[in-house]
Amino acid sequence: MSITYLEAIQAAQDRALGEDDSVYIYGQDVGSFGGAFKATKNLAAKYPGRVIDAPISEDAMVGSAVGATAEGMRPVLEMQFADFSTIAINQICNQAATQFWRTGIPCPITVRLPSGGTEGGGPFHSQSMEAIYAQYPGLIVLTPATVEDAYSMLLEAIAIDDPVVFCEHKYLYYHLKADQLPDQNLPVGKARIARAGKHATVVTYSAMVHEALRAADELAEEGWDIEIVDLRSVKPIDTDTILASVARTGRLLCVSEAFPWGGVNAEVISRVTSEGFHLLDAPPKRLNAKDTPIPFHPDLWKTHRPASQSIAASLRDLLRY
Amino acid sequence: MSITYLEAIQAAQDRALGEDDSVYIYGQDVGSFGGAFKATKNLAAKYPGRVIDAPISEDAMVGSAVGATAEGMRPVLEMQFADFSTIAINQICNQAATQFWRTGIPCPITVRLPSGGTEGGGPFHSQSMEAIYAQYPGLIVLTPATVEDAYSMLLEAIAIDDPVVFCEHKYLYYHLKADQLPDQNLPVGKARIARAGKHATVVTYSAMVHEALRAADELAEEGWDIEIVDLRSVKPIDTDTILASVARTGRLLCVSEAFPWGGVNAEVISRVTSEGFHLLDAPPKRLNAKDTPIPFHPDLWKTHRPASQSIAASLRDLLRY
Amino acid sequence: MAEANIKEGKEPLCESGSHYQAAFRYMLLARIFEERTASLYRAGKVVGGVFMGKGQEAFSVGLALALDQSRGDVYGPLIRDQAGRLAFGEALIDAARTYLGSVEGPMRARDGNVHRGDILKGMIPMISHLGSHISVVSGRLIGKRFRGQKDIVGGVCLGDGATSTGAFHEALNQAAIEKLPLVIAVADNQFAYSTPSERQFACADLVDRAIGYGIEGHSVDGTDLSLCLETFAKATARARAGHGPQLVVGHLLRLCGHGEHDDAAYISEEKKQGAFGRDCIEVARQHLIDSGWSTSDEIEQWTSEIQQQVEEATLCAQRESGPDPFQETWQALATTRLAEGLIEGSPGQ
Amino acid sequence: MAEANIKEGKEPLCESGSHYQAAFRYMLLARIFEERTASLYRAGKVVGGVFMGKGQEAFSVGLALALDQSRGDVYGPLIRDQAGRLAFGEALIDAARTYLGSVEGPMRARDGNVHRGDILKGMIPMISHLGSHISVVSGRLIGKRFRGQKDIVGGVCLGDGATSTGAFHEALNQAAIEKLPLVIAVADNQFAYSTPSERQFACADLVDRAIGYGIEGHSVDGTDLSLCLETFAKATARARAGHGPQLVVGHLLRLCGHGEHDDAAYISEEKKQGAFGRDCIEVARQHLIDSGWSTSDEIEQWTSEIQQQVEEATLCAQRESGPDPFQETWQALATTRLAEGLIEGSPGQ
């Protein structure tokens, strides 16, 4: 058996619906159509009345989900693309995220954001919004990079009593395959050493983990041993695992597909330099997408986002220091 | 004559309306009422038809302003509170901010955000959203800390050919006074040394500049000379001025009223550690508001946000290193 | 408070004396409490702003009395619904505690005044962003439907200005598609802050929106308690019986400023003297007397009882302490193990 | 293309042969171009997705032909408005260039396919977020009003699904308050992607929304070119004459998948055979012949001319080069001095 990242997301939802009748799915075209990406394929038929087509009303989608949690439901929302979640951002960040703190009543919703760039996606079907959401108190923001994580973290997201923004990467949907779904996995909140190494640490997440792995392979041929930390969760961030890695390598490169101002890279660098300043043998570096909207044309897009080549180049710079 | 920060904002809009007939103002209650904070007081009468009450439709407010720029207009929008700009975030970040890059046609809108906390403001009338906007390519994000800057930077914002998010601090509206409005001032994009010093650098902006100044006074009595950099603009950030200051002091504390994950502090620390690593004699520090919604009760609110005491305490830590 | 047995039958007898009396007493309680709060505000004793429901009590109480908290009905009040909150079942002390910053209040001083609510008791704690609570009420109805709970109604309140929000539209359309038992009460008080209706919408009556959503609509003189009780009784009964969302638009005038900081100089004499400028409490008082359901003495008697009650609640709340920042958890997540140590305002410090 | 003098008078003679002919030829051009694009898509030669206007050409062209670019009218097309774009004045080569990734295209390969536009020529380059372009068109009308330009109309297109967005509501309400000369064309093609109308709205006809905004409404059989031309001529004339926004709802069926990746298996045979399932191009062709305005031979002749034209545009665009990342400015700001050196994806590196 071989299962894709996308199928893992479908399987996690299938299992959640099967195990807990308070779970329901709500999103545009998620019903009999199975969703724009087929992440809810077959689920409407298997769980009648619990996989529901929404109107093109992201604000009301999230608002109603917040209300349903007060009746003990655990809604899973699908945004058709992460980019469209701007329409729901008020309900996510001001309604859902503040509820527990304001009232003491938890708000267990999961908002799935098909995120990140693909060829020809263009400025409005390619965004990586994790750092927008991570800035708001009261949200958990997950960014799975593997089939196993897509599965186990989505299940955990649905079980968590807080609002979770689940950033699944569209580029990984079909590209990534695993032999089977995991029975057990690292819990949400723990980062994973995706590759052990000793000369430099790359801290990254989501699709960029795979670009970084390719860059590490390239550098391995040049004799460098690169450690790669897959954050898995960008809020919370597992600072301990990062610091331990930097303690081993003394060098840090952060890589993210998001826009360059602020975001996960800046947050990680701030933590490492505040808490592990003396661990660093070289200035920390970061690599992001460029500070323009995401280009439509593949040739521009490939240059706009970090990729194995630019990561390798940054690493060489870092190692040369 | 003595003029407040709020009056400076009114005066800048008055002057912009007077000098350029392509300027108009649009926002809830900005017309004959003069705005919730009176930032447009008297302007509707003085400039008939050009200071217009909007319905409670932030999305349409911004969308229509974008359209008007194509006819050569330079709209100035008032959000009643920064927090409500989440309703317009899609038009600001996806419509206005992408237009120049997509089409080559500039989009000169100014969106005024009455920002930041005041006593009893609570979770939805106190937010500091500069770092949310700064993450998006195509926007300029300004955060004036003085009466002079409120005036000159708003005038410049209106003149700039790009969409500007103008974060004016409500706490400064009445608290801050100047003798007169400036004829000349530093341009947008340049930071200002708000206080010269040699033992440590505080990089901050908006209302926190004044808290930092108070903390510096406190530390002066203990024999420490603190330099304070007022960013003025958080996108772009004047990295040169920051680095030059850190080169003088060797120590960096970043202070922001926004939530702690990411944001301006993380961005500044990332820049300084990447580009000026060797300048630092101690790990950089940062101080933000806490990672919860902004509390309603003044006693909680005062603890939630950084203030002169907590800044002074952080500085002592930093100097002790 | 007299808790008259007004919620027994499915269709309350609107024109019964006891029902009307109960409604009136909630209105009076709200009015007197808000006036007290306003004077405390002027004395600098209130945390945050004060937004009064003056002139809107009849409309507000009309919806709330048609709901039944004990059977699971849900209520989403907004800033001018002190009367409705009380009628739905809010304890006066909760209101007093919130305004006066007591940590014993339902929001524990973390959030304030009109934002209070009680999720477990079906009263939605509104956030400030107008219109965004409507879909939250809808979601509760969706949740109840999943849970197999029947004959439930959700009532939600808003002003004319809030109808201009995208959130209002998305929520109404969603409720219509889902045919939810939702009663949407729009208090058209002719102003949104300073903005008059003609700068807020262009239809003749906001009830004209109903047809565009395919839902039923009702328009009512919001200054007349009898009509309000009747209209909401009908609308709620229709919603309960499966006829889908009901849009109820009340015509009235805000008899105060937007908040207590606002003198509302922009409200013309003409509007004040206009059809909907009369005070619903005066109208109801007169009706009570004219119909022989009460005497002026009796009403005087209620008034002083209520004043007493308000005084006690206020004093009690004032005596309680405010929040202690050092006792705060400063934690926005329910899942403690995932809450980071961002307590010092900076990760890991 | 035959640029018939259809825009001379304020009220085009809808039932004149030349007007109808011109409209038909735009429809045909759009259809043939889109079919070519779809086949290039299947061959993997197109960048991004392909969304066709099949079945919607009559409605699309109806609005666009009622607008006059040269006098300053504004047009906000959406994803199924190839016909309207051409009729409004888009050069075919611009369309071809965008689909085929040529850097010579109006969006310089930075943005793609249906997002193209030309701000200076009054054609709005839509962003993907549905509904958000309506207020942009309104803003242009507001700008023109400030500039003293009179007798201008803005036309804006959307689908049934987009009416569920908050942006749609805010924009319509705003346009109504401002009494803007805006014609809102809603192509109700019975589906939003896979979602049927009954999951999208609950009113009988989306035109029922008009009254709630206080604007005029028109409902039309969108498969009948005559009716479309007539209705839009009327609506546009009313808008131009100062009667405020006009909501025009066209009833039709999407005769293709949502995009070319979608086989639309969810569209029932019943809908296809239903009242609005017929192909507007076939209907118009027949009308041309029946009314004696054209012969089948003539139409054949046009068809081959158009095929030729499409072939040329496609070939030309294919021969052009794509964008060169090293020639890109990678700068999102017009104000160069404020653009930071974030070019390497990292500040100052």
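Read from first to last, the chains carry the letters A, B, C and D; within each, the first residue is number 1.
Definition applied: contacts are C-beta pairs under 8 Å (C-beta built on N, C-alpha and C of every residue); 3 or more make two chains touch, one makes a residue touch a chain.
Since we're looking at a predicted model, the values are computed, not measured.
Common neighbours of chain A and chain B (chains touching each): C, D.
Of all chains, the one whose CA centroid is most distant from that of chain D is C.
Computed from the mean C-alpha positions, the centre of chain B lies at a distance of 40 Å from the centre of chain D.
Between the Cα centres of chain A and chain D there is a gap of 36 Å. As a whole-number value, the distance joining the C-alpha centres of chain C and chain D reads 44 Å. Those residues of chain D in touch with two or more other chains are numbered 107, 110-111, 115, 127-129, 164-167, 170, 173-174, 177, 199-201, 331-332, 340, 346-347, 349. For chain A, residues that reach two or more other chains under the stated contact definition are 54-55, 57, 59, 83, 86-87, 90, 94, 97-98, 101-102, 123-124, 137-138, 235, 261, 265, 267, 270, 274-275, 285-286, 290-293. Taken pairwise by the contact criterion, the protein chains are fully connected, each one touching every other. Remark: chain A residues 83, 86-87, 89-90, 93-94, 97-98, 101-102, 123-124, 131-132, 134-138, 235, 258-259, 261-267, 269-270, 273-275, 277-278, 280, 282-286, 290-293 touch chain B in the complex.
Interface residues of chain B facing chain D in the complex, by the touch rule stated above, are 22, 24, 50, 54-55, 57-73, 75, 87, 90-91, 94-95, 97-107, 137-138, 140, 160-162, 188-189, 235-237, 239, 267, 270-271, 274-275. Contacts from chain D toward chain C in the complex involve residues 164-170, 173-174, 176-177, 179, 198-204, 206, 208-215, 244. Those residues of chain C that touch chain B in the complex are listed here as 47-49, 101, 103, 107, 109-112, 115, 127-131, 161-162, 164-167, 192-195, 199-201, 266, 322-325, 328, 330-332, 340, 342-347, 349. The touching residues of chain D, when paired with chain B in their complex, are 106-108, 110-111, 115, 117, 119-120, 124-125, 127-129, 132-144, 146-147, 166-167, 170-171, 173-174, 177, 331-335, 337-340, 346-349.
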